[in-house]
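Okay, so subunit A shows up in both of these, paired with subunit B first and subunit C after.
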Partner chain A sequence: MGDTSRYPEHRRKLSPRWWTANRHYAMYMVREWTSLFVAVYSLIFIYGLSLWATGSRANFLNFLKNPAIVGFSLVALVFIMYHAVTWFYLLGAISPIKIGRSKTKPWQALVLNLILLVVVSYLAIWLLVLR
Partner chain B sequence: MSQDIATIRVTRYRPEKDSKPYFQEYKVPYRQDMVVLDALNYIKAEIDGSLTYRWSCRMGVCGSCGANIDGEPKLTCASFLHDFKGRTITVEPMANFPVIKDLVVDMEDFMEKLVKIKPWIIREKETPPEQGEYKQSAQELERYSQFSSCINCMLCYAACPIYGLNEKFLGPAATALAYRYIEDSRDEGKDVRFPIVHEMEGVWECTLVGECSVVCPKGVDPMLAIQKTKILGATNAIKSLLMPRGGR
Partner chain C sequence: MKVETHKVARLHAIVWGIFSLGGMIAAFLLPVMIYMTAIAYPFSLWPFNGTKDPSFLITGHRLGALFIFVTIAGSLYHGIFRFQSALTEVGLLKYRRALEAIGYFIIFVGIIVLAYYLGTWYLNGTIS
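On to the complex of A and B.
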């Protein structure tokens, strides 16, 4: 591309507020930030399981019944659902399943995975709490 | 036909005179069928001949006239003035690229990436033309056809904050094109392209912002190509781990 070195090019830096420019960027940033809640919830859950492993199931359940943990879990649930919906949709877009000549649509993967999520969650609750 | 007046705020940067870019405002009379590129051409012809920008086909095919219009990466030839009626239209050079002059950005980095992914059919052994063409079914064509519609307009790079933060990132269009050849049944260059798309600044740098696919004027979905390339890479890695001699 010719001699562009004679004059300086103007280089721009990404503004720290770049993600406020449109809705998609903002939704992406919300997903990034809320990952923290998902990670913290995982740590809480692993700690709870360790209580069960080293003590009894009652220790584990009492720990989860702590109002602070319940409050945090409810907030985390909202964010986890946001992650679940966006990722399940993406999964359907990336890996559609071929049925005969047609391919599955992303929303079908979303619905199927949400149903699976409910079933697996219920099984986990049954195994850990109800049984 | 009635003529309205559009107010256009254009970035000016003359490196021989200006230490940094600034905005200059122009009033352009326009008809219903005029696009932002027509307004730029009007400014250049009638008001200020020094305004510099790229354009060629003015029909969304050549991919030369990209700019950030009101902050969004768009082709100026595909953005109608009447869609901005009643407000000032801001036209800036495409984001994330160094600016050479006014609306002209330095494309060198993208050009290098384009060549790097080897955007041509690689054969282990070329067959002579007398033996005929490499045949392909409609289903095989469908696997990559949308990714071959890229016009290299670079709007996806202007929309990608990852590229804005790290210009070493291979980026949306180059990966989409690499995937187009990886998925082409006639191509045998997978082993050549895989190390390129899977290097440190390749597909794994993408954190799924997704705006590349939103701004693409040709309906290409580079985000999808990047994620599919990730899946191919991961499956290949597992295969070669389990079956070191025949994994691929």
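On to the complex of A and C.
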């Protein structure tokens, strides 16, 4: 991205399997790999829209009901929830809020954001479908 | 030299800023979208246990189309960016430039195609 000849990056050399050294590293790598499901679901949805754009709305709806797509999406949802939970925890760890003399803990940010996730999800359904 | 350092730092800040925003979008909006399109609709559960289907998310009103665009574009950026970064940590660091090029190409094409479909439907009145 930058000018690496003038501003060289010094990266520690690691073996490709460094993340298997302990559970903490392994969970970090699992978290990173959940992004694959985030990306693939997005691409699949765009492909579904292309079926609608180049064919008919029924093609899009049949695509959403395809067992392979439903199966993948269910697995993706599990990994995306893992992504969400770890993301919320990370937010609390990197930017704690100072209240008086104490700072908020990562698990407090996790609980608060999970509640917010439920509220946002309900609001999205209410605004976009039920209203 | 100082100006270039600032340029690189600014670009880094923008790229990582969009990445973080995509992370928030994927965490807050993608689960409900998957629930609606991959669980509620195929299994006829609330809110798609009546006459509506997921196409209503796009055609129902502009807010729905905006929701689709923001959720899919933000998630795509975040997912690809993070995945190509993860690949460099498992022995593919020497291919970082190629991985970045492929990643940004997929993000660019995906977002353009998505915007094109939604824009076309907006202009021809499919999105009310």
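The definition used in the following text is that the second predicted complex is superposed on the first by the 92 of 131 C-alpha atoms of A that agree within 3 Å, B and C clash if a C-alpha of one lies under 4 Å from a C-alpha of the other, contacts with A are read in each partner's own complex, and residues count from 1 in each chain.
Keep this in mind: contacts are C-beta pairs under 8 Å (C-beta built on N, C-alpha and C of every residue); 3 or more make two chains touch, one makes a residue touch a chain.
The shown structure was predicted, so the numbers you read here are calculated from the model rather than taken from an experiment.
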**Message:** On the A-aligned overlay, A:Ala84 touches which partner chain: subunit B = first, subunit C = second, or both, or neither?
**Reply:** second
**Prompt:** Does the superposition put A:His24 against subunit B (first), subunit C (second), both, or neither?
**Reply:** first
**Request:** Determine, for the superposed model, which of the two partners subunit B and subunit C contacts more residues of subunit A.
**Result:** C
**Request:** In the overlay, answer first, second, both or neither for which of subunit B and subunit C A:Ala93 touches.
**Result:** first
**Message:** According to the stated criteria, A:Leu130 is in contact with first (subunit B), second (subunit C), both, or neither; which is it?
**Reply:** second
**Message:** With both complexes superposed on chain A, which partner does A:Leu14 reach: first (subunit B), second (subunit C), both or neither?
**Reply:** both
**Request:** Once the structures are superposed on A, label A:Val38 by its partner contacts, choosing first (subunit B), second (subunit C), both or neither.
**Result:** second
**Prompt:** Between subunit B and subunit C, which residues of subunit A are contacted by each of them?
**Reply:** 1, 7, 11, 14, 18-19, 32
**Request:** Write out the stretch or stretches of subunit C touching subunit A in their complex.
**Result:** 1, 4-5, 8, 11-12, 15, 23-24, 26-39, 41-42, 47-48, 52-58, 60-61, 63-64, 67, 72-73, 75-76, 78-83, 85-86, 89-91, 93, 100, 106, 110, 113-114, 117, 120-121
**Touching residues on subunit B, where the partner in the complex is subunit A** = 13, 15-16, 20-21, 71-72, 95-96, 98-100, 106-108, 111, 161, 164-165, 207-211, 214, 224, 227-228, 231
**Prompt:** Quick one: in the complex, what on subunit A touches subunit C?
**Reply:** 1-3, 6-7, 11, 14-19, 29, 32-33, 35-43, 45-46, 49-50, 52-53, 57, 60-61, 64-65, 69-70, 73-74, 76-77, 80-81, 83-84, 87-88, 113, 116-117, 120-121, 124-125, 127-130
**Interface residues, subunit A side, partner subunit B - complex** = 1, 4, 7-12, 14, 18-19, 21-22, 24-25, 28, 32, 90, 93-95
